Amino acid sequence: MRQADLDALLEAVQRGDLAPSAARERLVMEPYADLGFARLDTQRELRQGAPEAVLAEGKTPAEVRAIVAVALDRGAGSVLVTRTSAAVLAVLAEDLPDLQQHERARCAWVVRTPPERRGRVAMLSAGTSDGGVLHEARIRAELLGCEVSVHEDVGVAGLHRLAPALPAVGAADCVLVAAGMDGALASVVGGIASVPVIGVPTSAGYGSADGGNTALNAMLASCAAGLAVVGIDDGFGGGTVAALIARATGRATA
Amino acid sequence: MRQADLDALLEAVQRGDLAPSAARERLVMEPYADLGFARLDTQRELRQGAPEAVLAEGKTPAEVRAIVAVALDRGAGSVLVTRTSAAVLAVLAEDLPDLQQHERARCAWVVRTPPERRGRVAMLSAGTSDGGVLHEARIRAELLGCEVSVHEDVGVAGLHRLAPALPAVGAADCVLVAAGMDGALASVVGGIASVPVIGVPTSAGYGSADGGNTALNAMLASCAAGLAVVGIDDGFGGGTVAALIARATGRATA
Amino acid sequence: MRQADLDALLEAVQRGDLAPSAARERLVMEPYADLGFARLDTQRELRQGAPEAVLAEGKTPAEVRAIVAVALDRGAGSVLVTRTSAAVLAVLAEDLPDLQQHERARCAWVVRTPPERRGRVAMLSAGTSDGGVLHEARIRAELLGCEVSVHEDVGVAGLHRLAPALPAVGAADCVLVAAGMDGALASVVGGIASVPVIGVPTSAGYGSADGGNTALNAMLASCAAGLAVVGIDDGFGGGTVAALIARATGRATA
Amino acid sequence: MRQADLDALLEAVQRGDLAPSAARERLVMEPYADLGFARLDTQRELRQGAPEAVLAEGKTPAEVRAIVAVALDRGAGSVLVTRTSAAVLAVLAEDLPDLQQHERARCAWVVRTPPERRGRVAMLSAGTSDGGVLHEARIRAELLGCEVSVHEDVGVAGLHRLAPALPAVGAADCVLVAAGMDGALASVVGGIASVPVIGVPTSAGYGSADGGNTALNAMLASCAAGLAVVGIDDGFGGGTVAALIARATGRATA
Amino acid sequence: MRQADLDALLEAVQRGDLAPSAARERLVMEPYADLGFARLDTQRELRQGAPEAVLAEGKTPAEVRAIVAVALDRGAGSVLVTRTSAAVLAVLAEDLPDLQQHERARCAWVVRTPPERRGRVAMLSAGTSDGGVLHEARIRAELLGCEVSVHEDVGVAGLHRLAPALPAVGAADCVLVAAGMDGALASVVGGIASVPVIGVPTSAGYGSADGGNTALNAMLASCAAGLAVVGIDDGFGGGTVAALIARATGRATA
Amino acid sequence: MRQADLDALLEAVQRGDLAPSAARERLVMEPYADLGFARLDTQRELRQGAPEAVLAEGKTPAEVRAIVAVALDRGAGSVLVTRTSAAVLAVLAEDLPDLQQHERARCAWVVRTPPERRGRVAMLSAGTSDGGVLHEARIRAELLGCEVSVHEDVGVAGLHRLAPALPAVGAADCVLVAAGMDGALASVVGGIASVPVIGVPTSAGYGSADGGNTALNAMLASCAAGLAVVGIDDGFGGGTVAALIARATGRATA
Amino acid sequence: MRQADLDALLEAVQRGDLAPSAARERLVMEPYADLGFARLDTQRELRQGAPEAVLAEGKTPAEVRAIVAVALDRGAGSVLVTRTSAAVLAVLAEDLPDLQQHERARCAWVVRTPPERRGRVAMLSAGTSDGGVLHEARIRAELLGCEVSVHEDVGVAGLHRLAPALPAVGAADCVLVAAGMDGALASVVGGIASVPVIGVPTSAGYGSADGGNTALNAMLASCAAGLAVVGIDDGFGGGTVAALIARATGRATA
Amino acid sequence: MRQADLDALLEAVQRGDLAPSAARERLVMEPYADLGFARLDTQRELRQGAPEAVLAEGKTPAEVRAIVAVALDRGAGSVLVTRTSAAVLAVLAEDLPDLQQHERARCAWVVRTPPERRGRVAMLSAGTSDGGVLHEARIRAELLGCEVSVHEDVGVAGLHRLAPALPAVGAADCVLVAAGMDGALASVVGGIASVPVIGVPTSAGYGSADGGNTALNAMLASCAAGLAVVGIDDGFGGGTVAALIARATGRATA
């Protein structure tokens, strides 16, 4: 479905030539774009409230480029590419003058239709090395319309550093904590916040940090009962869940 | 703080003899009951919106009895005891004529002040063996005021069984999926629901199910981006997060 | 045994100078070619219905070249080299003008005698990143004479994408599913198909995907009872089993 | 759907009052029996060629009894209960005078309509301790109509013991190997058989046998390319896959 | 060496008939008592500053009884038996009217010569279920002469409960933290204390707590740089290290 | 082959009616006894120099009894049953007045023809809890004709206890070390002995001892280059390897 | 807080215009420097007796440079950067003419105010490959004021090499052992020393050494009761704990 | 001790000026060469019958060069360097015109005094990729004086390839099997050989081969009772044990 087709469809609805329910059905009937090596789920946003993103890892730059082109062609409001490489960034930049990117987060994105702004998320990291994952989560949540406040390097080895972040924690509709190593920040915040806390274990650290498994297991075994967890280094998934919660809960923001 | 004390305190507020802020401070100042072997966090509900529960496992029946007694004495609206044994149930039943219990969920509880009813959670299990965990989550969420619909044994080996649960999934403010073995139901539901999905991996199954780790890892590695996970067999934690989300999001229910 | 020897042998059979059983015995008597660093099992096809392939990983390009040369010299109908590197491809291309290759599958092969065509296999992948493993399986099965239909990127995060593949699943003599991460597609297909399903876990994904172990364990723990599994990333093994099943079961195809 | 309903339905078809396709649709439309705590997939056999069985582990005896009763009531040709306990056997024996059972395999079953007999499976075990799993597989495959030959305790520590089983391996449409510890028998048989080999790792052994994981991993890592594997101790799953292959491939047997 | 022998030896030193160095050599020359099934290291205290204890697990009650008898016979100032069973306690109580015991800690001990009192240790537990391990550590440290203050159930889910323990942490020569599940209390205390912190991971909890491995790894991966760790549930080892540090560092106490 | 048959066979050889080579061939031709549930490898001693033993675990008492009876009936010089239970011991004792047993080693055995005595093995354990495994190894090696010296509880926590064992280590043809926990004794002895050292990791200990895996891995990772290892708790295997080495190397002993 | 501010503050104290307690409070009130991507805990030394160090891994060279600059600007007595890369070293060397470094230890540091010298630590390594970790520990402990004696390559495969290190072990206030592979040196030293022993497992070795986990687990499972452990390759943490113990215990050194 | 010193010492013995026992004592008294970063165990051969080798991995080329120089200077009969890199080979080749090397085995060595030739070892590998480990073992055993026969690529996927190696297995004093993946060859050979079999698991293979752990565990869990195992990829260790056994057992060879 090209943009023109979509416009025609919507105009027909406007003119009263097409019932809204019939239009919705047509949209839902063509639910993906088949590229051969990939099937882009073009109506995930309609179905789930958040558009599919493109995981660049494990795909060639040409494949990423093609998927992004199709998504935009089909009228996506924004497209987010995660875990990018230099090669992927290069081909995307050729096509897209409005491409934005964040190096540490390994993300690139374009926004064609800004999202409705609703919900507040407070995002905290235990250490500087968790920054890439934290910012991936932030970018995702912002693309979904949330207002995000970021508080980096507030881990429990110097607990007093957490204090300035507490007002933001108190004002948020959802809190996200990215932490590697012992992951203890998630437990501590989970014992303070009155809203759901999403833990994102990171692979920061070496040796006994075990590639993020130690932080993951610590978060899962935590007594803090309002804490739920996503996969290791999965800033994208964490940002999505946090945004879904905050958008449903929160007030519209400026 | 005994109930009479609490009444006196609140009456002083009502009479205007005590500012609300001063009263709140006093309540927060005495934040736990020290039993020697345990410190009951009596104001967790004030701070986090959900009262502390009593994990019976690893405690003697006498310890559980004492903690429950103190909690009720301090005016708790309800007390939930999880992972009970026959011995624990016996001593609790002696003290509490209004004790309720659920055998498969290994839970016992009393309700002295019914919670405000708000928010809807749909809870699904993949198989009959996941029932204990599912009902622990249900009981917790109901005690937190949510309306819960339960759909058992709808795992992906017979995917058509899931169909009758879909309307409830569509109407819910949050969805919870309890599944052991391959945990695939969480991925499938996570690809359908437009609200956050909380996965609770269970230790059902044998051999390669690996005590719940297979389901846990599968849920964490899932592509379904609105899915967050709690610890293995942690129905209590899952029910808490789901209820926090649903209460914040949802409308009041009858 | 050189090709001329083989021809002489077979002509003797044709002339009636040698009983077929005697000829077969001679062939079976010389069951491998000793290259010093390797012993090529030249009669695996006679014994097992599928020729040995050459795993390039862990061998020098010169060793791979020598093994391929001997296999062709001994009259192999086709030779498949798996997990190739650029260096291996370079030396093979020097010797073999009819070399075919597939980059993502890391395979190279020559066909000197096309196989009898028999049996249908439907092959599905959960995501684009599983493509390398999927195509390794496809190439193997095609070299064993099967007709293969390929359906990529139909994972459960957008389950509707699976629908167009269902007719092929219904028509197949065997189904193969390549999936990493949560491996849930294998469970879902295993709950639908009426023929055996071969699961091939892949190492696609990061963090909690754990290099393919999560998908592997999920497939093994699945309730779908017609599902059997091969090793992580073992497209070759999966393609072989699927082809053995489909050839035994299936009708000859064009 | 009660048996009388089924009879009425089929009589309507016979009379020509109902088209077969319409009847089939009705059957498929009511695809499970809802018992509250379980949803029996009553048409799995129609859909997948093999009926659902009842895993007794994790269910109360009363639940197992109810599920079996419903399955028979709905006209199941046979019902198999796996991983039984003494308590489960006791309640089943009360209801079912024709109940059969196998102690080591922990199985119980009734046959109301014998299956069509088709296909041959050779089943081998490495040691006596693998016998429970082997016989679970045998019972399942026989209930699916296969002719099974059993060869116990033929592990590689005394490889000559395998010799008498080779003719049966050669005559089979599919081979199943149950082995714990090093699982090496599956590799050896996988290097000999010309039909697919299904490996069933067992938890026999102690220490480094690691509850079956060593055998599982060894089978998965095997070079024998016609070998596929099911979960640890999953005789039921192994028997199902083996029977599906053998039935599709094989000739009808007496 | 019987007590009388020891007295005679020391009296000879006192009289000047034996040089102290010669006496010390004799003591060191007979360094263990051979019981056949065990060799009691009777001079570990001389060599390492802390006597050997008797791990009852893995020994028969008769063996434990014999070892304790020999230790006392050789003049041990105290004997500590850890991980006792009811059977072990029964036989010890027969012999030793002055036997003391602690049920939750699974310890029994006799003191014949009270140790010199020196050094202060603050011991904290995250939850009530960690109490057994905590008290094993306490008993060991007290038998080594330390003054121990105990603070139970001060885990991070309700961090304010930790506050009353902070003065004791500030006054201690060494701090010990026993915690299961996420082990986060050790990280938090390790970020506050100015003396070494010994973490003792416990096996309290279920599921993702993984028998103490999660707490262990979290403590090892912690950023808190003054934190060292002993084995899971090893209250004895933790108490020993803490006491060695506190005794060397601390002042004599009343 | 019954004993009478064997006698007849050997008498024929003696009389010159049968060539020794022909007799040997006949013996080798009937290489196992088929009991249905088990195939006793009756000529493992002829082939490998050590008779098969009976692992009782995983077999019913009746099965063990039958296997032992057949082995003796076929003329075994001795039969060893390992990992016995009380039930197994009871049925064996009924049949065999000359049954010997060792409780801690969980072994039972009969000797009908004493072995030729050859070779010396020194066996050491790190702690009393390793005694069961050590004595299983000792019994096996003695039944294979070795002279064994035993040195228990000489672990590295009190290294001086090792000293009295060093002469035996120096005089042995092979050394065996049974150790759990850190397994360090094997490394230390492996750095001292001039003959091969066989390490047997044991499951003694708790927590971080990880059921013997820690000791196993430590032995495998040891720098001591003359050290080889058998499976966890596998006293039988360790005793066999040690005896094979000592018998080949050693002098005949009294 | 800039250096001038600090000077002004201290001068106010000197003049009597500000009470020392008030000054101390102000210092403690501003407890970190916020760099956006990092919050440097500038008063960790005040609070814990050891300054925060900079873990270069996971940070960009520019970030490391900025953190070091701020730390020195705030008056740090010394700054230690661990796990440096060539790029980090290059930017640091530009700014800091007095930068010192150790290649194998991957450390760089500057000292502006030498620490008070107090306490003795003996540090031993099992093999040459453990040297990097050992020297990281040494540098840290020296920067904290300890006198360190180093004894490399004294592992148990040649135990006599340990002998020359024993006098230093006997004279130390704390002993640190860095060992990979089997980690047995820590157990042996732990059985000899009368002061606390800190084990630092290293990732030296391959295969069964398992990246340091084997050494870690062996140290944790050791019977040597005065032994505590830090994370794999964590020379920094080990050096910190050892120095805290030695400084508290020890005498001032030249 | 320089070579001249050694000569002088031995000449004094020859002249009768020094008793052999006194000379031996002097040699044992100076048991290592201290290079600061390493302590070369110069008398390991005297003590253990096999000289220390130099593991190049984890050492700088300069360190390896220095150790080799010292070893030769001290009169070593041969020096073996394992796990070499190109850089190590380059510096060694500069110093040593008689340096030999084997690329796949990553070994380099010089022989100054050929060993006494005694004992026969048969060495088998399962696949070509195991060749590096196999040849490391061969080189080590040859340097210790054994006659080694090599049989590569005889794994169980084509068991008939093993047949030609059986005579060598039958003639050997010890057998060594290098195998990755399923490691099944060790079990099969262990069930055939009458002498001890040393298994060397290798990291060949991918996915479920798990870096050699699968082969390791399979060998440890094998029923073949004459089989002992060394660490993953530890050809050096395997070659040493095999040679110690073969030399003690075997006859002198040409």
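Labels for the chains are A, B, C, D, E, F, G and H, by order of writing; each one numbers its residues from 1.
The rule we apply is simple: a residue touches a chain if its C-beta (ideal position, glycine included) is under 8 Å from a C-beta of that chain, and two chains touch if they have at least 3 such contacts.
All of these numbers come straight from a predicted model, not from anything done at the bench.
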*Matching chain pair for B-E (criterion: over half of the contact pairs shared, by residue number), options E-G, A-C or F-H*: A-C
_Identity of the chain that, by mean CA position, is farthest from chain B_ = H
_Between chain G and chain B, distance of the C-alpha-averaged centres to the nearest whole Å_ = 44
*asked:* Distance between chain D and chain F based on Cα centroids, please, to the nearest Å.
replied: 39
_Can you pull out the residues of chain E that are in contact with at least two other chains?_
127, 157-158, 191-192, 205, 207-209, 216, 220-221, 225, 231-232, 234
*Chain pairs in mutual contact under the definition given at the outset*: A-B, A-C, A-E, A-G, B-C, B-D, B-E, C-D, C-H, D-F, D-H, E-F, E-G, F-G, F-H, G-H
_In the complex with chain A, residue positions of chain E that touch it_ = 126-127, 155-159, 180-184, 187-188, 190-192, 205, 207-210, 213-215, 217-225
_chain H-touching residues of chain C, taken from the complex the two chains share_ = 31-32, 36-39, 41, 44, 52, 55, 57-59, 63, 83, 203, 211-212, 216, 231-234
_Touching residues on chain D, where the partner in the complex is chain F_ = 127-129, 131, 152-154, 157-158, 160-161, 204-209
*asked:* Under the stated contact criterion, what part of chain A meets chain B in this complex?
replied: 47-50, 53, 173, 191-196, 198, 216, 220-222, 225-232, 234, 236-238, 240-241, 244-245, 248-249
